[in-house]
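Got a structure for you, written out below as C-alpha cells; questions coming shortly.
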Amino acid sequence: MSANLQRGYNALKEVLDAPIASYFSSCVHCGLCAEACMFYTESGNPKYTPIHKLEPLRRVWFQEATLAGKLMRLVGLAKPVTDELLAEWSPLVYDSCSLCGRCSMVCPVGNDIAYMVRKLREGMAASGNAPEGLVGASKRTVAIGSPMGVKWPAVQAQIRHVQKDTGLTVPVDQAGVEYLVLMSSMEIMNYPEYLAALTRIFHKAGASWTLASDAFEATNSGIQIGASDIAREIVMRIVNAAERLQVGTVVSPECGHAFTAIRWEGPNLAGRTFGFKVKHILEVLDELRRSGRLRTKGNKSIPMTYHDPCQIARRGGVVDQPRTLLQMVASDVKEMDEHGAMNWCCGGGGGVSANERAEPLKLKAFARKKAQIEQTGVKTLVTACANCRITLEEGLEHYGMNITVLGLTELIAESLDDETTSADGGAA
Amino acid sequence: MNATAMDLLIWARGTGFSLALAIALFGLTLRVFEILSLGRKHDFAPAREDSPGSGLRTVFSRSLPLPGMAQKSPITYFGGYVFHVGLLLVIVFFVPHIEAIRAVIGLSWPGLPTAVIDMVSVATLLALVAVLFDRRRNKVKRMLSGFGDYFAWGITFLPMVTGYLAFHHLVLDYTLMLAIHILSVELLLIALPFTKLTHVVTLFLARWYNGDWFGRRGIAS
Amino acid sequence: MNTVETLGEILRRRGVSRRGFMKYCATTASLMALPPAMAETIAARLEKASRPSVIWLSFQECTGCTESMTRSHTPTLEGLILETVSLDYHHTLQAASGEGAEQAREQAMTANAGKYLLVVDGSIPMGDPGYSTIAGMSNVDMLLDAAKNAAAVIAVGSCAAFGGIPKAAPNPTGAVAVSSLVKDKPVINVPGCPPIPVVITGVLAHFLTFGGLPELDHLGRPRVFYGESIHDRCYRRPFYDRGLFAETFDDEGARKGWCLFKLGCKGPVTYNACATTKWNQGTSFPIQSGHGCIGCSEPDFWDLGGFYQALSMPTQKLGKVAGAAIAGGTIAGIAMAAHNRSMKASAKQSHERVSTDELEKGE
Amino acid sequence: MARAQEMIPLVRIDSGCPSSNHGNPVPLLHEVRHALTRLLEVGEPSCIDLRALPMGPGDEAALDEILGIGEVAASVSALGSSNVLETSFPGVWVVTHRNEDGQIVSRFIEVAFVPKILASQIPDIQEGCERLKAELDHPGRDIEMIPPERVAR
C-alpha cells in the first residue's frame, strides 16, 4: 500500500460512522438517486448514479466495519481498495457531484448520499486524488488567504470604491459590533456591488457591522476538496477574528458552501460551539425586515424567478426568506416547477466550478437548469450565491440564452426606501 | 423408507426453522451492534429551532414519493409499492402465517379471506417480475446490480411463488411444496442480516439519520 | 388349501341373486373408490376370481388394525371378501396356538409359494430383537422369511407402512417400516392409525378382482384412497377459504363447524379417504366430530408437532433459541463493536495531518 | 362374530346448532343436470357415488330435500334391502343399498330411465325359468295345493 493510499484509506476509516453504516446497509440498488441527479439525467450515463460514486467508501465500510466483510476479505472475496480505484473514482466523486443533496431527498430508504460523498472526499483528498483545480484553490486559500488569490489590499481598494460611490463608511476591524460581514472572493473580484449593497442596507437599518482585515474570505476550499485539516485552518481564521472582535453574528455572504463551511461544519471542525451566531445574509435581511429596519419602496414589474442555491436552501434551511424578500421588491415572481428544498442545482457547486476538468460535464448538467428557466419563461433570474451566479452566467452564455442574473441582496439594496433614512445617515 | 416430503416438512418446521430464526436474530443483533458502534459525532452546530423536519417524520415520509419522482421511474415506485404492500399483507394477514407468528411472538390478529390473499399474491408476484424486468432493462439498475441483487430478488420471489403453488396444489405434491415453501422462508431469514434485505431493519435507522440531519437544518426531508 | 372355487361360484352356492351380486359389485366399486361404471368390470372379474391364501403377520402393533378390519361395517359384503380369502395365519384371530400355529404358517407358505398375499401390521424393531419376538423368531427374520415367496406384501397400518408410533422420536426399538426391509417384492402401504376398514378390504378386493396391485403413489399407497388430501375433500374447506376458523373447541366457530386449521388440523398434508368414505357406517370422521385431523396416514405423523399446533407453526420451542441467538448476536456484536471502536481510534491516532502538500501525489 | 356396533347403540346428540348446508350439494346438482341432458340427448345413463363426495352434516339431507320424492318408490331384497326412489325430477333416482343389518352400505344417484337393479336379471330369469320347469316336471306339494281354477288362470 502506497503512502498516499494508506493516508487516504486511514482517512476513510476515520469518517465511518453509524449513519454511513446504516446507509450502505439499506441501499437496495433501486437507482432512484440517478433520477434526482442532473449529472445523470443530462448525460444519460449510468456511472453518474449517485450511490455508485461511493463505491470506494462502501468497500472500506464493508471490509473494515462488518464481520461479513472481514471474513470475505480473509478469504479473498472482497474487492480491494487500490490506488487505481481511487484514481478511477476521482472524476465521479468530484466532477459529477456538486454535493447538492437532491439524491439525499429522494432516496426511499433515506440514504444521505451527499453526506457520504463529502466524507469520501476526505479519503480522496488525503490520498492525492483530488482534481488539480481544487488543489490549486486550496493552496491559494491557505497560502494567500483566498482561493482566487485575493489579498486584503484588493478588498481595501474595493472599500474605497464603495465609500466613494455610497458616501458611507465601510467599517473595518471594529470590535463589539452586531455583524461581522464575510465575503467570497467571487464577490470581491466579480460582484463589487454586493459590498456596496450591504453598506447601504446596514446603514439604513442602523446596524453596526464590520469587516475583518484578517478574515474577510468566507469560501473554504478545504470543505470542497474534503480536507478537514485544511478546512479547519481556514474556518479558524474567521472564528478567531469574530471572537477577537466580539461580534454578535457572523454573516455568511451570498455563497452556498461558505455558509455550510462556517454555519454547519465550522463548529464541528473547531470541535466546539461558537461564542457568536452564524447567519446567512438572507436570514439577516429577513430579520431586519421583520423588525422593520429594512424597508423598500416600489415594485419591479418585470417577471423574475428565483434559483435556490443548494447549500443555502436544501442543505441550509434558508428557503422562505429569499421568497419573502423578493416579494418586497418584485411583483411578478414565477417559481420554477421544482424549487426550494427540491430545486435543481446549477451544476457548479461542491467545487465543480473550481475544477477545470469538470467543465464540459458541468455545462452538460446545466441543461437541467436551462430547461427549468425556460419553463418559467422569464428573462430575469435572481439568486443568492456568487458561485451559482457565475455558473449560471457561464451556462446561459454557453447556451446562448439572453437572461439577466441578479443577486438578491443587490436587488433589495436598489429598492431601499430613501425616505426612511435613519437618523444618523449620511447623504444618499 | 427414504426421506419423504413429510420428513422434509418436519425438519423445516422444527430444526430448520429454529436454525433459521437463530441465524436471523444472531445476524440482525450483530448488524445493529456493528452499525451503532461506529457512533456519530456530536453536532456542535446549533440546530434550527422550530424545524419542520425530524428523524421520526422522515421514517414515515420517505414512504411517499416526492412530486414528479413517480413519473420518472414508475415501475420502481408502483412495482415497489405493490410488492412491498403485497408482501406485507400476505405475510401478516394470511391466517397460517398469523399462526406461525403467534408461535414465535405470542401475538395474533384477524386474518384476511384466502380469496383476498390469493389476489394480493398474484399482484405481488407480477410486481416482483416487473421489477426484475426493470432491473435488467433500466441501465442504472443494470449497472448497479450484481449477484447480491438477483439473489435477494430470488429469495424474496421463492417464498411467494412456492406459497402460491402450494396453496393451489400446483406442480408438486402439497406436502413437498409446503416443505419447500417453509425452507425458502428459512433461506430468506438466514439471508436477511447479510444481504441488502437488511434494509427491512436498517432503513429505519437510515431514514432517521437522514431526517435528523435535514431536520437540524430546517428542512422537512 | 383348495382354491379352485371362484368367487362367482361361492356366491351362487350361497344363493345370492344376480341383483344381489350387482349390488355387491356396486358397493365394492364404491369402497374401492372406483367410478360406479366400473361395477360391471368388477362383476366380470369377480365371477372368475379365485381364492388367494393370506398370511397375516403382526409385529410391533396394537391390534388396532385387526380390530378396525374385523369391525368393518358391512358384514355381509365385506364378509364375503374376507370369507373368500383363505386367512391361513393370523395369530390374533386363529384358533390354533403354539407350534401348531407356526406350522400352519409354514404349511401355507410352502403350499402357496409365490402366490400368497402377505399382510403385515406393526413395525419391525431393528434394535434388540427381544422387543418383539414370535415363537423365538425375531420379527425381521419372520418377515423376510414370509416375504421371500409372497406374491405381494400389504403393509397395513401406519406402523407397518411407515414405522408409526414405535418409530416416533426417539424410536427406542429402532423400528422400521416393512418397505425398508422388503425390497424385492411389491409392497402396498395401507397407512392409517388404524386404516379405514373399507380401505383394508378395498385393497384386498382390488387384489382379488384385478389380480394385481392398484396404482400406488410415491409413498406406496393406493392412489384411489390416498390420492387426495383430507383438506381438499373436507366439507369444512369453504370456511378455510373464507377465513373462518374455530379458535377453541367450544367457541362459536367450533359450534358453527368452521375450519379447524388453527386447532392443529393436519388435513392439508394428510392423504386419506376419511373425508368421503368416513367411519362407522359412513356416519362421520374426526373433523366432522369437531376434532382436527392428526395426520395418521402420513409418515412420522407423531413427530409433526403437537396435535393441537397449527400446521404452519414451528414445532420447536423458540424462546430459548431466540434468546440464545440474541445473546450470541450480542456477544459477537460487542466483539465487533469493540473492533470497530478500536479501528476508528487507531485510524484517528494514525491520522496524518493533511496539508496542501499532501493533496498532490508525492513520492 | 359378535358385532360391537349392535351392542353399543349409536346415539346422535344434537350439538345445538343448525345442521347447516355446507354448499356441497350445489356442484353435485349441476352434475345431475348435465347427466340428465346426456340421458335425453344420447340416452346415456349415469351413476354418481354419494360416498365419494365430501358431505358435511346436513348436506345429504339438504340434497334429499332439493331432489324431493317422485312417483316411484321400490324396494329390492337382495343381500339386505335396497330402496330405489325416483326423485321429483323424473329420470333422477336415489338408490340406497343396505346390508342385512339394515345399515347403509352404499348410496348412489342414478340418472336413467329405469335403474338397472329394478330390471329382472337374465341369470335370475334363467334360473327361475329352470326352477319353474323343474317344478312343473316334478310337481311338488306347492303346485298341487293351488286350486285348479287359479292354475287355469
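Residue numbering begins at 1 within each chain, and the chains themselves are lettered A, B, C and D in the order written.
We take it that contacts are C-beta pairs under 8 Å (C-beta built on N, C-alpha and C of every residue); 3 or more make two chains touch, one makes a residue touch a chain.
Every value quoted in this text rests on a predicted model; they were computed, and no experiment measured them.
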Those chains which touch subunit D and also touch subunit B: C
Of C-D and B-C, whichever chain pair has more C-beta contact pairs: B-C
Euclidean distance of C-alpha centroids - subunit C vs subunit D, Å: 34
Interchain centroid distance [CA atoms averaged], subunit A/subunit D, Å: 96
Chain centre separation in whole Å, for subunit C relative to subunit B (CA means): 38
Gap in Å, rounded to a whole number, between the CA centres of subunit C and subunit A: 76
Subunit C residues counted as touching two or more neighbouring chains: 332, 336, 340, 344
Residue numbers of subunit D (touch at least two other chains): none
Where subunit A touches two or more other chains at once, by residue number: 16, 65-67
Residue ranges of subunit C in contact with subunit B within the complex: 162-163, 176-177, 179-180, 218-219, 229, 232, 240-243, 245, 261-262, 268-269, 298-301, 303-305, 309-316, 318, 321-322, 324-326, 328-330, 332-334, 336-338, 340-341, 344
Footprint of subunit D on subunit C - complex, ascending: 16-20, 22-24, 26-27, 29-31, 33, 35-37, 70-71, 73-77, 233-238, 255-257, 275-278, 280-284, 288
Subunit A contact footprint on subunit C (complex, rising order): 332, 336, 340, 343-344, 347-348, 350-356, 358-363
Subunit C-touching residues of subunit B, taken from the complex the two chains share: 1, 4, 6-7, 9-10, 13-15, 17-18, 21-34, 36-39, 95-97, 99-100, 102-104, 111-115, 169, 173-175, 178
Interfacial residue positions of subunit D with respect to subunit C in the complex: 1, 3-5, 10, 15-17, 20, 22-24, 47-49, 51-57, 59, 76, 78-80, 82, 97, 99-101, 103-106, 108, 116-117, 121-124
